[in-house]
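We call the chains A, B, C, D and E, going by the order they appear; numbering starts again at 1 in every chain.
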Amino acid sequence: GGHEVKMGVILGFTGPIESLTPDMAAAAELAMKEASDSKMLLDGKVIVPVRGDSTCTDAAAASAAAEKLITSDGVVAIMGADCSGVTTAIANNVGVPNGVTMISPSATSPALTTIEDKGFFFRTAPSDARQGQVLAEVLKDRGITEVAVTYTNNDYGKGLSDAFATAFTANGGKISISAAHEDGKADYSAEVGALAASGSKHLAVFGYVDQGGKGIIQTSLDTGAFDQFILADGMIGESLIEAIGADLNGTIGTLPGSESEGAAKFKEVATAGGLAKNDGPFMPESYDAAALMILAMQAAGSTDRAAIQAKVMEVANAPGEKILPGELAKALEILKNGGQVDYEGASNVTFTEVGEAAGSYKELEVKDGKFATVKIR
Amino acid sequence: MTLQGNSRAVFVFTIMAVLLLIVGYFQSWNVMLSILNLCIISAIMALGVNIQWGYAGLFNVGIMGFAALGGVAALLVSKPPVPTAWAAGGLGILGAGVLTAMVAAAIWFIVKRMRSGGTKNAVIFIVALGGYFLIRSVYDPAVNAIEADNPASSGYLGGLGLPIIFSWFVGGLFAAGIAWFIGKVALGLRSDYLAIATLGISEILIATMKNEDWLTRGVKNVTGLDRPVPYELQLQESEVFAGWVEWFFSSRLEGLTGDARTTVLRDAVIEGSSLFVKLCYTGLFTAVLLAVLALCVLALASPWGRMVRAIRDNEVSAAAMGKNVTRRHLQIFILGSAVVGIAGAMLTTLDGQFTPSTYQPLRYTFLIWVMVIVGGSGNNLGAVFGGFLIWFIWIEAEPVGNWFMGVVTQGMEDGSWLRTHLLDSAQHMRLIIMGAVMLLVMRFSPGGVLPERQQSQA
Amino acid sequence: MIRVEALSKQFGGVRAVNDASLEIGKGSITGLIGPNGAGKTTLFNIVAGLFPPTSGKVYLDGEDVTGLPPHELFAKGLLRTFQIAHEFSTLSVLENLMMVPADQKGETLWNAWFRRGEVKAQEAEIRDRALDVIEFLNLTHLVGERAGNLSGGQKKLLELGRTMMVDAKVVLLDEVGAGVNRTLLAEIGDAILRLNEERGYTFCMIEHDMDFIGRLCDPVIVMAEGAVLAKGTADEVKNNEEVIEAYLGRGLKNKTPAKKAKA
Amino acid sequence: MFCMGENLTGGYGGADILKGCTIGVEQGEIAVIVGPNGAGKSTAMKAMLGMLDLREGQVTLDGKDITNFSPQARIAAGIAFVPQTSNVFTGMSVEENLEMGAFLREDDFTVTRDEIYDLFPILREKRNQLAGELSGGQRQQVAVGRALMTQPSVLMLDEPTAGVSPIVMDELFDRILEIRETGVAILMVEQNARQALNIADRGYVLVTGENRFTDTGEALLANPEVRKSFLGG
Amino acid sequence: MEVLDALVLFANFVLIPGLAYGSQLALGALGITLLYSILRFANFAHGDTMAFGTMVTILFTWWFQSLGLSLGFLPTALLALPFGVAFTAAFALLTDKLVYSHYRLVKAPPIRMVMASVGVMFVMNGIVRFIIGPDDQNFFDGERFIVRARDFRDALGLEEGLAIKSSQLLTVVVAVILVAALFWFLNKTRTGKSMRAFSDNEDLALLSGIDPKKVVAVTWIIAAALATIAGVLYGLDKSFKPFTYFQLLLPMFAAAIVGGVGQPVGAILGGFVVAFSEVLVTYAYKKFLTYLVPESWAPDGLMQLLSTDYKFAVSFIILVLVLLVRPTGLLKGKVI
């Protein structure tokens, strides 16, 4: 109807990361619901989320899904996609040509920084290049000079491990072995065997929390190969601790965002909103991506696709009133009255000039079976 | 279902056209064309598989590998060379290539010249092992140098910088070359054993593409490949194109003035540009499809086709009737693979990027097989139809699944557990629908929608 | 024409052919008989290149052809039929015959695509020949039928028909008569004689029907337990004690007339 | 008659192969079917066994209408059959083939098995070899042996002597005569028609799915027209 | 030189994981091989049948846990296993009735059955995700380790530890028992022989009085049981996730075929070949050799033949090599 506006949610609901995406979508839809319920969006418009399946791997199917969302459902903007490969394909083949804003919560490949997006592509997840440096610093500060590295064999894992290796060796560290692992495979004893043979005490795992990464940690602990782990963002999640338990104590890791009120706030909001989880990987980023699209629309005062794109940067960055999760109503109100907002959200959103999160990171450590923030970097 | 032969083909293709038109009308013409383009590519792949299985009964489950070879061709043909990378390690790679050739030649020489026995095998083993380490010693530093060259955005040698459309041909050649090699090695295997061997070899190919970053950038993907057709953004900026659009959509613009007109025109130009680009692809792909199909039809109806079907039925007897079974198998294996390679290159061209992790057996091997079997193996038009139908379902099962769940949950209370669960699971309807349609089609048309025709020459 | 020297074939523990030496004279119709499992079919299979012998040699026209693949032997003019019919089951009866002739132009893709005229002309010729053969075999009503749907005997006829499609030098027939109606078999015998006389084909046939062997074959070679047991004219062989003992037997033992049993 | 197919009509989906033919056999009798290739002899046998969809006609066994019985039910009722082609389990040993013949028997079948080994000594020798590796004639012996293992009341044989050597053929006919003495009804298709009709109590000449001649074996052998057209002069 | 350390190291990282993984593959391959040899088609839905069976078992496990039932140091899932088997068997029989029986009736070529199984695979894929979702599920309880790495090391005063998980031992033992049982069943029992006869020549089996319905039903029940057992044991050792089970399909097929399809013992052999080729070729032998040779000879590099990137490629290379030497698998398998 006249007061409905459609927004696309394109994630890999089937395929290798199908276990992550329902929560991500739920987080994004939570933001949409929040805005709709506030009755404040463009004179009380209601946002109808439309899901599309990116499959995470199949560029052709992902493009087709995006094509349908954009040209058939007429979504005004897209929250997505997830994996870097399909995200690039959708942006190049469908999103940008049709002038539709896309905000990805999880495509972290450094290559996405430089695609020709005409300003239509944003991401609330920072490029992996940054995280690699942060991790290297963390290790340096803790005096760890030698690690074995395993990464999930995709653009995220490979890119991150490249960035980390560069920074770590520059700091004088030594990588004793760097071994890829494929997600979703049956057995990781070969990888762990090779990693253990390197003789390092620490194992850095750049993978996904309920994918191969978990298998690697499980196998390492079982065989006694490693008991000290260093994790990147994809590996951080309560479910890891649930699955593995106390053995994880002492593990360190980094996660984009800050222990700002934002992150805590998001958990509250998510719990209140009845979501199954409140801290899954990329859930905060998903919430933020959706929120940004909504606020940009409000700032533009129209559902026009180009107008939305023009306002994203404005609402994401200073100046303006800081906005946290759960405060969308407030933000909409301010914007409606011609004011300015600086959306902080759950993941401390600040966009660089190419429209991606600049990235502050939390340094985490597992203590007493919980991820605890040690420091913000 | 009583229609036979050509009228049946006309009938089912008409239905397919109607399905596509329905999508065009009710969803959008852009969606319709994007589905159609992939239908055509799928049809070409299915033809390739049909040549191997339908004609000759060769159980190739390595389709994925050949499609990926086409993709590599697209990248190697169209990307400009990276001079810094060449400077860093180009020589080393070439050197390693030359060394490999030399080691291979040495082994070949030993195989041909030495008398067989324990010593011979030992010598071969030593030469191979020594050669391996020698090659690695040249190759590894070169690879490291290349991959260290700006890894975030390059880190590979690049390609030839030629127009990408050449890659369709080159993709065919790559696939044919590898198929020749595989065929020489593995075609002696029968049925399922050949299947698992080809599957294995395709996994090896994909692993290589994922991990030899100097050549393909590996899992970091190569994006932004050239196009053989204009870019939407170019068109959107072009006055001439705007003029066309204005003419074409004149009815839509009628009576509008000022801002309203500009907005509508702008949207029309955007829509028109997407449509135009897709139509260009459709034209190119159709040309390839028709050419391949024509050659297939002529071949199958000829004495060659008869000989090949005879071999499929009974190899022992065909050999006794003077047919060189091995040669024919190799030829067919190469031809079919080349066709898949061509389609693979076309697909990568359409995607505009090469992503090795996209090559999953489910999507690139089994789905193509399903196309051939559902369409009707041994029948060229059947394979083409299978390509169209299955791709269509593969894409449309998703929205249909969502819609279906929407309908089912309509009556339920908002926010109830069951409703949320069902809506969240809607994506899995895609698989169920896909499977159900497949099973139904195969159930009621056992030989496929267009079964192999008895080439009744009576 | 064909000479086999000291041929042996071992299957696991079974020695199917055991040091057999024999010769099939040019222009002869040689019969090959022997008890079940004597190694006759195995011998044929080796001669026709289906598998190599464990030891021994095969000569065709004086040339050593041991271990050559079947299609090369075919090119040299050697043709064989199978004891258990090997039809091309999804091809029609007509196609089963039309595919036989060698050197068909349309069997190379280039010609199939770009020289359709020549191919068509040759096809017409081959088809006529095939139709003649089909008529001879009483299969005219089945030209378009899938060969897989033929009756057991009809398949054997088709097997024989294939040998009539080409000008072969040597034809090895493995029990063409088994399962074929005797009236038709008599006609087939006539055809074999005709081919032998008019076109100079050499035949070697395995057969258990001694009347048929007696009418056509000279000489007759008897195999038993993988080796040659005897050789001679049909009559000589029939009266050879050893052959009677191993192969022919002495007729029905309790030959009770049908009527008596009823009473 | 004890076992009887009447007015059998049907085919394999296309045109009718059997056009109202009738065949039957009494207990303790041998009936032989002859006819040109493709006449429908094997098809008639299959029809009797329920392996063919009949459009018309009925099959009776011991006065009972078994037209609607499934093949296994007919086997259980006492019919045994040796098909013309693919009549052994190629992937099983000779002994296992025979065992499968006795699948429905609950009693001790080793005696019968030994009798069969006595009948076809070569099988005893090759008892552990795969049937698929046997020569053509040896397979034929396995096939017949398998059928005899069931101790049937009706034995149907489709060209049991095709490809077997004369000595084995004589043995086989001998044995068939013996079996007849035990009261079994024997129905067989033969191309070695003269030997077969010689021992037959009843003969059928089948042409294009119809009965052309029906008479005693002797009478058919004596009929010049039959001799000329069907028995090879 | 510490030979004992070297051996323990090798056992811990190569031998035991290889044995366990090999047995897991073998159990899956066993089901595939059975269906292949009796019903004559390669069942692509086997991975998803495993997922289905495991899912049912997990649901029952949860229920039992909520009731407070347990098996002490053994996982509760074992208690739920029979229910998983029963449901899966019922589902398999239903699938057969709805899908496969038709193709047998019309005597369709095996490839149709294979493709039909791809259709079934899609549907089952969807159903499993529909019911339990695509997430990871851990359902192991009971005692996890038989020997812990640390305890072993401390007890023997070695550098290296050896870990043996109870799930690993369970898998190996069950795999061996099931293979032996299946072998015995097929070759010695009447039903087993009738199943082989049926697979050999369906028409002739009919003529011997074998009831095809019974053969088919028994086959499906056994296959479903094998699939469920394999799935549950795998899930206990690692964890349950539908996608991973689907991914298991390829190595299981590889195992079945390289061992020689239709051969139960071949399935075990094949499973070990695939598992050990993955581990052995990509293992870094540096530490192992360091223990064995005098210190001055200790290798600098990792002594790794190929990097783990090529893990799957390696197992497939070995598979292809095996097939080139033995074209129908290690034990002479069937060709259909």
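Rule of thumb we're sticking to: a residue touches a chain if its C-beta (ideal position, glycine included) is under 8 Å from a C-beta of that chain, and two chains touch if they have at least 3 such contacts.
Source: prediction; values computed, not measured.
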item: For chain B and chain E, chains touching each; value: A
item: Distance-maximising chain from chain B - centres being C-alpha averages; value: D
item: Pair joined by more contacting C-beta pairs (B-C or D-E); value: B-C
item: Gap in Å, rounded to a whole number, between the CA centres of chain E and chain C; value: 49
item: Cα-centroid distance, chain A relative to chain E, in whole angstrom; value: 35
item: Chain C and chain D: spacing of chain centres that average the CA atoms, whole Å; value: 27
item: Residues within chain D bordering two or more other chains; value: none
item: Multi-partner residues of chain B (at least 2 other chains); value: 210-211, 428, 430-431
item: Multi-chain contact residues (two or more partners), chain A; value: 18, 22, 153, 180
item: In contact (per the touch rule at the top): chain pairs; value: A-B, A-E, B-C, B-E, C-D, D-E
item: Residues on chain A engaged by chain E in the complex (per definition of touch); value: 15-16, 18-19, 22, 153, 177, 179-182, 184-187, 189-194, 196-199, 210, 214-215, 218-219, 222-225, 239, 242-243
item: Touching residues (chain side chain E, partner chain D) in the complex; value: 190, 193-194, 196-197, 199-201, 203-211, 334
item: Touching residues on chain E, where the partner in the complex is chain B; value: 36, 42, 44, 99, 102-103, 106, 108, 111-112, 115-116, 118-127, 129-130, 133-134, 246, 250, 253-254, 257-258, 261, 307, 309-310, 312-313, 316-317, 319-320, 323-324, 327-329, 333, 335-336
item: Touching residues (chain side chain D, partner chain C) in the complex; value: 12, 28-30, 35-39, 41-43, 84-85, 122, 129, 133-138, 140-141, 158-159, 162-171, 173-174, 177-178, 180-181, 191-194, 198-201, 216-218, 228-233
item: Contact footprint of chain A on chain E as seen in their complex; value: 12-14, 17-18, 21, 24-25, 129, 133-136, 138, 145, 148-150, 153, 161, 163, 165, 234, 238-239, 241, 243-244, 247-248, 251, 275, 278-279, 282-288, 302-304, 307-309, 311-312
